[in-house]
Amino acid sequence: MSAPLPAVRLDVFAGPLDVLLRLIQEQKLDITDLSLMAVTKQFLDHVRGMEKQDGPLLAAFLRVAAQLMHGKSQALLHEPQDFLDETEESLEEQLRGYERFKQIMTAVAAWQEDCDVAYQRMAPAPLPVALPQPDLVNYAPDDLVSALAAVLEEREEDLPAVARRTVHIETYLDRIGTLLLLQGQTGFRELIEPVQSLEEIVVAFLAVLEFLRSRKAQVRQTGLYADILILSMDAERAAIPRDEVAAGNIRDAVAEVR
Amino acid sequence: MPLPLTALLEGLLFVSERPLTIQELAQITREPARSVAAALEELKAAWLGKGILLQEQAGAYLLVSHPEVAPYVRTLLGVSRKERLSRAALETLAVIAYYQPATRADIERVRGVNSDHTLAVLLNRELVAAGERRLTPGRPIEYRTTFEFLKYFGLASLEGLPERERFLAELAGSSQEESDGPAGEKTA
Amino acid sequence: MPLPLTALLEGLLFVSERPLTIQELAQITREPARSVAAALEELKAAWLGKGILLQEQAGAYLLVSHPEVAPYVRTLLGVSRKERLSRAALETLAVIAYYQPATRADIERVRGVNSDHTLAVLLNRELVAAGERRLTPGRPIEYRTTFEFLKYFGLASLEGLPERERFLAELAGSSQEESDGPAGEKTA
């Protein structure tokens, strides 16, 4: 018979198995039916000392107490084999399982102290739409007009007065389409390089606007009077090596663009 | 073994919802600004050719997904958008709706559980939006419901939120209920 | 030059606000699931020692900050450290974590006490989630830990559970306990 009941406080113990395990361990006993019976009285004392605030928890303790009492009475009647209702796991087995679990719990409790939180991202990632869209976002269509004005001014000085040629916008649509297809990009100056007349420049400009409108191309300008760069929107097509593009393909592609 | 400064910055930039300046990062990590700047350059190089990009905007740094991932991201978001709101998301939404403006800490206090994930879902679906920073320590962001929220619930205005008074009382109650004492085991 | 699959996955995981399964990632990137799985393993290795952690559970992946960055993240966000779980809650959580999937009866059997209340607390905090019903009499619900659980403990996966190996070994041992093998009798 052991001396005063160890100070078993409820906030230290999670349940009846916990108390039982502690009682057995304090008497340096192995978990056996006999050990269980040896600590029955202490367990019952513990139950008597419980504050009866938590009904279900008290019930759990009483249930274990009843199992212990039953076991003890069976032992006195020399029928230890009937310790428990055979449909249930025996208290001994349950306690063994709990002991193993407690060892894990020691690790888990220490771990809770040591570990820290992995944080998730706080907000949806900025969508790539808002990503650096090179320069072009800084320009409004108006900027194109001023750029064109600059080109025209430059041209005006040395444009010889020659006979007018008829130019069709289709010519430039084809030309831009072809250049984009082959190179992926072209400069406005390159586009109008062989051009002589003011009308042609205007028509070429209209063709560029048409590409913009149909979203087949984007434009970029690195400075106020810098050349206007016309870029294909279709990266794949721009990547086709020059010699692999048959004339027919070009025509088809251009038709598609238009 | 502590993580190197680059890893700390990586983690901070990953979690952050806004661009962070070198000064802020230096303050948080308690490292000189010079070291932070150097580490950021290192990170920038390390992230090259990866799916995430370290973007610099006006002296502040932000991690974004690579532009080439954009089409895939749109597919992903399209899929996510169609999903029904989870119970947790609905709860978080309710807290914001009734308490607004609410900070992340407010939400966590009321719900008693970290709500970052659900908040991200709601932000993503534009049911709530980030607003001003509150003038309290940490300068937390305040969240509010959006017009999208009103549409989602068919409300004409926030005045239309049902049983505001009662709901507030219940929310306050439930946040206490959860504080599981040290004794722990209280059975239902 | 198109981005490699790892970079695409990196970008998608970065953007996503929820765990993504290998199937989803395969669908979005139009790559075979096998390649996606291999690329994810590659990423996991590449991120070792970095400020970002790739969490995995049941074939789903989530990108989070490394737990060691957590104190700095809290400074950044102005949030407080999470409340510790009560002992009872921690025990119940541990039963579910190590035995999962675990039913209410499983938990009660191990802990020897009714655990409905703590289970409710854990469910509410989204540390565990209800899953399928077990095909046994009464068709009880099976509970599992969630990504929230992994985040809470800063784990990359369930394999990081302390003493998991030993536990699994003992669990295997305890089922043949009656045979009283070499591991059979354990002294306190």
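Read from first to last, the chains carry the letters A, B and C; within each, the first residue is number 1.
The rule is simple: a residue touches a chain if its C-beta (ideal position, glycine included) is under 8 Å from a C-beta of that chain, and two chains touch if they have at least 3 such contacts.
What you are looking at is a predicted structure, and each value in this text was computed from that prediction instead of being measured.
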Discussion item. With contacts counted as C-beta pairs, which pair of chains has the highest total?
Written reply: B-C
Worksheet item: Which chain's mean C-alpha position is the greatest distance from chain C's?
Response: B
Discussion item. Centroid from C-alpha atoms only, then distance chain B to chain C, rounded to Å. What do you get?
Written reply: 22
Worksheet item: Using the average of all C-alpha atoms in each chain as its centre, how far is it in Å between chain A and chain B?
Response: 13
Discussion item. Roughly how far is chain A from chain C, centre to centre by C-alpha average, rounded to an integer in Å?
Written reply: 16
Discussion item. Where in chain A do residues touch two or more of the other chains?
Written reply: 11, 14-15, 56-57, 60, 117, 119-122, 124-125, 127
Fill in: Residues of chain B touching at least two other chains
11, 14-16, 63, 65-66, 69, 73, 77, 104, 114, 117, 120, 124, 181-188
Fill in: Sites on chain C touched by chain A in the complex
14-15, 17, 53, 55, 62-71, 73, 77, 82, 84-85, 87-88, 90-91, 94-95, 98, 109-114, 150-155, 162-163, 166-167, 170, 174, 177, 185-188
Item to complete: Name, in rising order, each residue of chain A that touches chain B in their complex.
Response: 10-11, 14-15, 54-57, 60, 117, 119-132
Fill in: chain C-touching residues of chain A, taken from the complex the two chains share
11, 14-18, 24-25, 28-31, 56-57, 59-60, 64, 89, 93-94, 96-101, 103-105, 107-112, 115-122, 124-125, 127
Practice prompt. Report the residues of chain B in contact with chain A in the complex, numbered from low to high.
Written response: 11, 14-17, 53, 55, 62-67, 69-70, 73, 77, 104, 114, 116-117, 119-120, 123-124, 130, 181-188
Discussion item. List the residues on chain B that touch chain C in their complex, please.
Written reply: 2-4, 6-16, 20, 24, 28-29, 49-52, 63, 65-66, 68-69, 72-73, 75-77, 79-80, 88, 104-105, 108, 112-114, 117, 120-121, 124, 136-140, 178, 180-188
